[in-house]
Amino acid sequence: MGRHFSTKFITGLTLAAALCASALSAPASAASLKMAWKQDATGLDPHKQTAFSSIRLLELIYEPLVRFDKDLQIVPAVASSWEFAPDAKQITFKLDPKAKFQDGKPVTSADVKASFERLLDEKTAAAARANFLSIASIEAPDPQAVIFKLSQPDVPLLTAMASINAAIVPAAEITAGTVGTKALGSGPFKLDKWEPNSKETLSANKDWAGGKVGVDGIDISVLPDETAILAALRTKQVDFALINDPLVATLIPNEKSLVLNRTPVLAYHVLQLNPSRKPMDNLAVRQAISCAVDRQDVLDTASVGEGKVTGPLTMPGYTADASTLPCYKKDLTKAKKLMADAGFGSGFSATVIAANGEPATAAAEAQVLQSQLAEIGIKLDIKMMELNVYVDAWLKGDFDMAVALNGGRADPYSMYNRYFTKTGNLQKVSNYIDDTLDSLMQKGRVETDPAKRKTIFADFEKHLVEVSPWIWLYTSYSYTAQQKNVQGFQPTPEGSLFGLSKVSLN
Amino acid sequence: MAFLRAIFSHPSGRIGGTIVLVYLVIALLGVFGVTPHNPLQQFRIDRLHGPSMKYLMGTDLFGRDVASRLMTAIGQSFLVAFASVAIASIFGTILGLTAAWFGRLWDGLVMRIMDVLLAFPAILLALLIIAIAGPGSFTSIAAIAIVYTPIFTRVVRGPALSIKGREFVDAARTFGSSRRYILTRHLLLNLVAPLTVQVTLALAWSLLTEAGLSFLGLGTQPPAASLGLMLADSRNMMETAPWLLIFPAVAIMISILGFNLLGDALRDIFDPKTRSRPA
Amino acid sequence: MISPLLSVSNLHVGFGRDLVKTEIVKGVSFDLSAGETLAIVGESGSGKSVTALSINRLVDFGGGRITAGSIMLSRADGTTVDIATAKEPVLEKIRGGEIGMIFQEPMTSLNPVLSIGRQIAESFRLHRGLTGRQAEAAAKDALDRVRIPDAARRLKYTPNQLSGGMLQRVMIASALACNPRLLIADEPTTALDVTVQAQIMALLAELKRETGMGMIFITHDIGLVAGSADKVMVMQAGEAVEQGPLDDILDRPQHAYTKHLLSAVPHFQSGRAARADFARQQKQMAALKVEGLTVRFPVSGSIFSRSPGSVHAVENIGFDLMPGETLAIVGESGSGKSTTARAILGLVKPIRGDFSTPGTNAATRTDPGVQMVFQNPYASLNPRLRIDSILAEPVIAAGEPVTAKTRERMAMLLKRVGLPEDSLERYPHQFSGGQRQRLCIARALMLNPKILVLDEAVSALDVSVQARVLELLIDLQKEYGLAYLFVSHDMAVVERIAHRIAVVYAGQIVEIGDAASVLSNPQHSYTKRLISAVPTIDRRQQHFEIDTRQIPSLVRPAGYEPPQADWRGFGGDHRARVEA
Amino acid sequence: MTYLAKRLLTFPLVMLGVSILVFVAIRMVPGDAITAMLGTEAGLLTPAQRQALAAYFGIDQPILVQYGHWLLGVFKGDLGISVIHGKPVLGIILERFPLTLELALLSMMIAILVGLPAGIFAATRTEKLSDLGVRIIAMIGQSTPNFVTGLLLIYALSAGFGILPTMGEFTPLTVDPLKNLGQMILPAITLGFAFAASVARISRSAMLDVLSEDYVRTARSRGAPKRWVIWRHALPNALIPVVTISGVEFGYLLGGAVLVEQIFALPGLGRLVLEAILQRDYALVQGCVLFIAFNFMVVNLLVDLAYVALDPRIRLGEGS
């Protein structure tokens, strides 16, 4: 028996190897944009993926109801128009009649309804569920109209809907349970092939409602480090690339044939403490850490100064002068005193986790923080992990401290409600909440007057920095590099690559 | 003494021996922290400083002194290499010796297990072990030790088998010498030469494997310095700060070269073919 | 005759960097005419092989240089060339074409990965320009010429498929392929059994007669050349101490060294030199009695077939050995003589048979009263142990403490076997082969044994060293009343030391008896053949019969039992097996 | 028992050992089997889903039964499903394998074409300057980790000559041979350098050993010129250890040159294993490791076959 199987197996193997070698993939068409990035997507379910690398890919394939433009203004996507009821407890969307999924079927209100019901279903474990808890019911009076009935006024809801985590997926795929395995969206590009950690092949969606896509497709190569990406750009193997490492990005302008796009982003580099673990449960300890950290030094060292020290609020219109925030000036005396008061005069040991290459500066940040915190007797052990392993630990809140790059939103509420509200779905990650934070968040959510909202969130920010569950460090830039012949790319503060839909090759 | 003289009168032994001695001194200094600067201290104003009188080999991204880090890295790499080779040689010797002596089932079992271990490329087996046990210096030591145990087993078993058939072992049996006496005084004592050669060469491989593992981020963890890690960190700065690449690269090369040269010399010294012998 | 075939004068050969310091050949001169055989006789280190290798300048490839002198060879075309200064292309023509050479070890002298046909054909390709079929046909003829049966088929064999004797014939075939005018034979039979040696010698003699070539025969055994040489040159330490016609050298040696070689060194004298210093007494207790000793080794089968049986290495051997007596077990390689010795020492497990010694220890199955000395003095001492540790080992093994008395005994024995007193602090590699064998004897005597088993104990030694070790053994035997079981293939040595002889053939004793009687009056056909093959000084210009018989295979099917043997007596205790 | 029969017999035995080792190793991963199979996705499972999955994967059964099932699957070419890729493991491996195979072949070509002649050349002029040169270069080649060679090569070429390594999307040989070779040449040289160094060293020493053999002297005594001796007598014998070293080295390369593939951004088998290990895609790790070990053993078997062809002593079963 064994012999029979093994012969068959071996024959199969040789045959397959031969086929493989002879019939490799067909050449990419000339007008495809060749692109490279380092960190590949970790999954295809738009409702679940939180990693930047996944979102960057899914933004090209799926569309939410609305999206942000480069100034963070909300513009139409699947929905062509929308309207809040005067009491802000109902919102009505008109869908774009031209909007079609990539299998040719139109995007209907039923798809929208099904998508949001999937999002709200606890079993889905959707990343952005907390942002949509005010949705009481969803109605689809006709194929082009959707009405969301809200349990209470919710102004940030619309910004939350602009996230790819609220993408519209076909109802049929939800029923079939194939959302995570088959990427079928209504976006400008269709995913033809995905070989994780190796490459993606995208082709232009001819029927895209947003207009004509400038290239025939995008061939994305995953290159294992950014030096390789730089080399690929220099030798013109690649037209367009995503750069994460500021060290590499600063080398791009030296090349005559390359263009660097540098956009400030909402995402923030942060040292997350885990206040559910000792001794980070001690406020004085957290504050001591906050005071001991020299944020500018972290920025200068890890990111060669590419960025800006920030507080929790990174979006235009809400940002405060960072220097006014408590402990934003390194104060070792105060930090040491706080440590002593908390009973940790001789320090303690803790482990900090960081992901390999996500962000590119993670390892460096961890090492700078390690050396800074050593000055007040905190001994940090650095544990570097592969991104998906890291995300797993991060989602479970299984860490003492974590170096992270968290995404920002145009609205403070949708940015932080998942972490710092009592019902936030990432409460497990932040492990910190108090009544002040929760009530300020609720107030901000229902407040419609922009000036008042600004005050509310200024208080929120101040309190958050005061209680220091996390140590906000800085915001950096998103970088893309391209050959001179790539035209029309529009970066956004979210770091989205959606602008690739308008790119053309000369 | 005569042994050392033999090494230093052999051309490649002289070079290899000198290199190894110099590295051993550096490694010891590195392990005990006798370095120009604190290898972990970040001199923030002097980040990415080129080689100078103050920082002989420049500083890295964090403003840490590369020379000092290199010294501790060599210490760290040598620690891993020596520990793993010590383990591998002890286990390999015991297994190879007993396999050769007892033969039959035990020999078959041991050698088949070694065949299984040898069916994996060294770095792959090491990676697999690290995947199971998680990265770190101790795992590196264990992984490298496991990878090289089969080699020692084979290196010991072959000569042990041939010594077992030599007439002085027959003679010992005719006297009724105990098994322990024969195994230690006759077999093991005569295996010292091939073992010494093998240990030297294994140290070279082990340094190489350790560097590879830490280059992949699976060996020594930051901020501790290790040669592979320093190289990995230098990648993004190859153009702006080439000294970060060149010094560790040359340091690895020369250390391995030293052990290889020494191993070659030892092989020549121990080789009966090159030794004059009345016949 | 106008000029000799070869004329060597004042040849000096040095090795390595300092050619003068390491001079191996120091001014050797000789002449050789066509059809003549010159024997160069000497012990190891005498420079005889280097002289031979200089004649076709192969010495260059071993790191040697001819520093002075000339080697004039008259070539087939009538010209004369000085090989000492000839250029490599000329030498390539001469080697194989005009000077053929055969070497000591036929097993290693043929390329293991090439068929013998190709290796013989090589000469034809190189010197006659033959290719393909022609070369192959020529190779077959060459094999026929050295009387290898079934030559066509054997051309495709690789060396490992042939026995040593056959390989030496192949070597001869290849050396003589292009009818060289001179053949250099460097100890061509040393690695072979005595009966095979006789065949090779016969073959060489016959071929020489056929072709009329000149021959230079290098050997350490002056007895061997008595049968074939015309002239003899004796070498010692790089110099030719004496040369002349065969009979002059053998009968009227002038130089002391030649005399020593002729008298002190064992030469076979057909039983005339046998010992007569021991006579068996009635009712004496045997020191060792062996009955029905049988050793078989299973032959491992392949996965596809069952084991084809076993090798009957020793079959039903029995003898007794009296205190003070030497019993020699003689036989050729593979006869089972060493296995017998090893079985008695417990190194191999007999499947059957009794042997009793006065003091066998049931617990360790070893008897401190029986000790062994092995063949290879370089392998039987652990190179990493000091002599005092080596000598202490039997004492430790016997469970006795190593005391000052033990050391006293070590010193005494070392002195007794003729080694310097400081030997105890030295290591084996600091001793010569003969000294090491003395060490082995001393070690064997540490426990004051009754019996010494000497397994080819002097075979690896140079002839003059051999003689001295034999003398020592005889002295020790007389002094301690030791019984010797002396295993050897060398009849000349056996004649010097044995009181009784047992001839072993294919695992069985075929003849046993008083040494003088067996050697002078052999009865069994094998014994006769063996003894007639032994070269001796007495038989000059002997004609050997060409005989291609092979030793029968000892592999027998499982369960096979040989038939009982019948014996016939020939006076005294001389008996031989009755042949079918 | 002949040598080859022995080797053929141990092959399945060792493969079985390898499969047990791999199977057991994966089960030694901290965490339960579901985590081992699903990796990080397991964190999001509900208990009911876990139970269902356990039944699905059969890990609610005794370990021997599990092993049996798995082994049966392996024989059918079913190495499981990769969690990261969402595809059958064997398919993913076979996608990556051509590159690794090509790289291994190219490096071996460089090694044989450079190393062997260099070794023979050095052996025929011992103690001369050219011999010393070959030995020094070979020694350096053998002492430089290939990732160091790669990094230095990239640095030296770009800093010294402004030549940049061609990285980017990998082009298979069948699509554009020139472009493919452009991408493969540097990694192949990097790997080939160390490989050639060991081939040169081993062929030199094997050649020296063989040249001092008695049968070489015999050939010379027949008047064979130097070239004849080297090519017809010495080389066939000296090739035996060279074939061993090349086979072993080639076998290792078939397992993917993890570090070099990483440095030169090549999506080969080595990087696949590394990623699978880092991302804890255990089905993929298991499949890759098994595949690589299988390849390695097959190459070893081929080396044995080559032995048999080269050396009649082995062919005729003298070794036992």
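First chain written, first letter: the chains are A, B, C and D, and each begins at residue 1.
Simple rule for what comes next: a contact is a pair of C-beta atoms (placed from the backbone, for glycine too) under 8 Å apart; a residue touches a chain by one contact, two chains touch by 3 or more.
What you are looking at is a predicted structure, and each value in this text was computed from that prediction instead of being measured.
Colleague: Report which interface contains more C-beta contacts, comparing A-B against B-C.
Modeller: B-C
Colleague: Any idea which chain sits dead centre by C-alpha averages?
Modeller: Measuring from the global C-alpha mean, the nearest chain centre belongs to D.
Colleague: Provide the C-alpha centroid distance between subunit A and subunit B, rounded to the nearest whole angstrom.
Modeller: Centres of subunit A and subunit B (C-alpha means) sit 45 Å apart.
Colleague: I'd like to verify one number: the distance from the centre of subunit A to the centre of subunit C, where each centre is the average of its C-alpha atoms, in whole angstrom.
Modeller: 87
Colleague: In whole angstrom, how far does the Cα centroid of subunit B sit from the Cα centroid of subunit C?
Modeller: Here the centre of subunit C sits 47 Å away from the centre of subunit B.
Colleague: Between subunit B and subunit D, what is the separation of their C-alpha centroids in Å?
Modeller: From the centre of subunit B to the centre of subunit D is 22 Å.
Colleague: Spell out, as numbers or ranges, the residues of subunit A touching 2 or more other chains.
Modeller: Residues 225, 356 of subunit A each touch two or more of the other chains.
Colleague: Where does subunit C touch two or more other chains at once, residue-wise?
Modeller: Touching at least two other chains: none.
Colleague: What positions in subunit D touch 2 or more of the other chains?
Modeller: 154, 158, 262, 280
Colleague: According to the definition of touch, which chains form touching pairs?
Modeller: Between chains, contact exists in these pairs: A-B, A-D, B-C, B-D, C-D.
Colleague: In their shared complex, at which residues does subunit C touch subunit B?
Modeller: 44, 342, 345-347, 361, 364-366, 368, 370-372, 374-376, 378-385, 389, 393-394, 396-398, 429, 432-433, 440, 443, 447
Colleague: Considering only the defined contacts, which subunit C positions touch subunit D in the complex?
Modeller: Result: residues 56, 58, 61-62, 88-89, 91-97, 99-101, 103, 105, 108-114, 119, 122-123, 126-127, 158, 160-161, 171, 174-175, 177, 300-304 of subunit C touch subunit D.
Colleague: Touching residues of subunit B toward subunit A in the complex: what are they?
Modeller: Result: residues 40-42, 44, 47, 61-63, 217, 221-223, 235-240 of subunit B touch subunit A.
Colleague: Mind pulling up the subunit D residues that touch subunit B in the complex?
Modeller: 10, 13-15, 17-18, 21, 25, 28-30, 139-140, 142-145, 147-148, 151-152, 154-155, 158-159, 251-252, 255-256, 258-259, 262, 273-274, 277, 280, 285, 289, 292-293, 296-297
Colleague: What part of subunit A is in contact with subunit D in the complex they form?
Modeller: Residues 2, 5-6, 8-9, 12-13, 16-17, 20-28, 34, 36, 42, 48, 123, 125, 181, 195-199, 219, 221-225, 228-229, 231-232, 234-235, 237-238, 356, 386-389, 391-392, 395-396 of subunit A touch subunit D in their complex.
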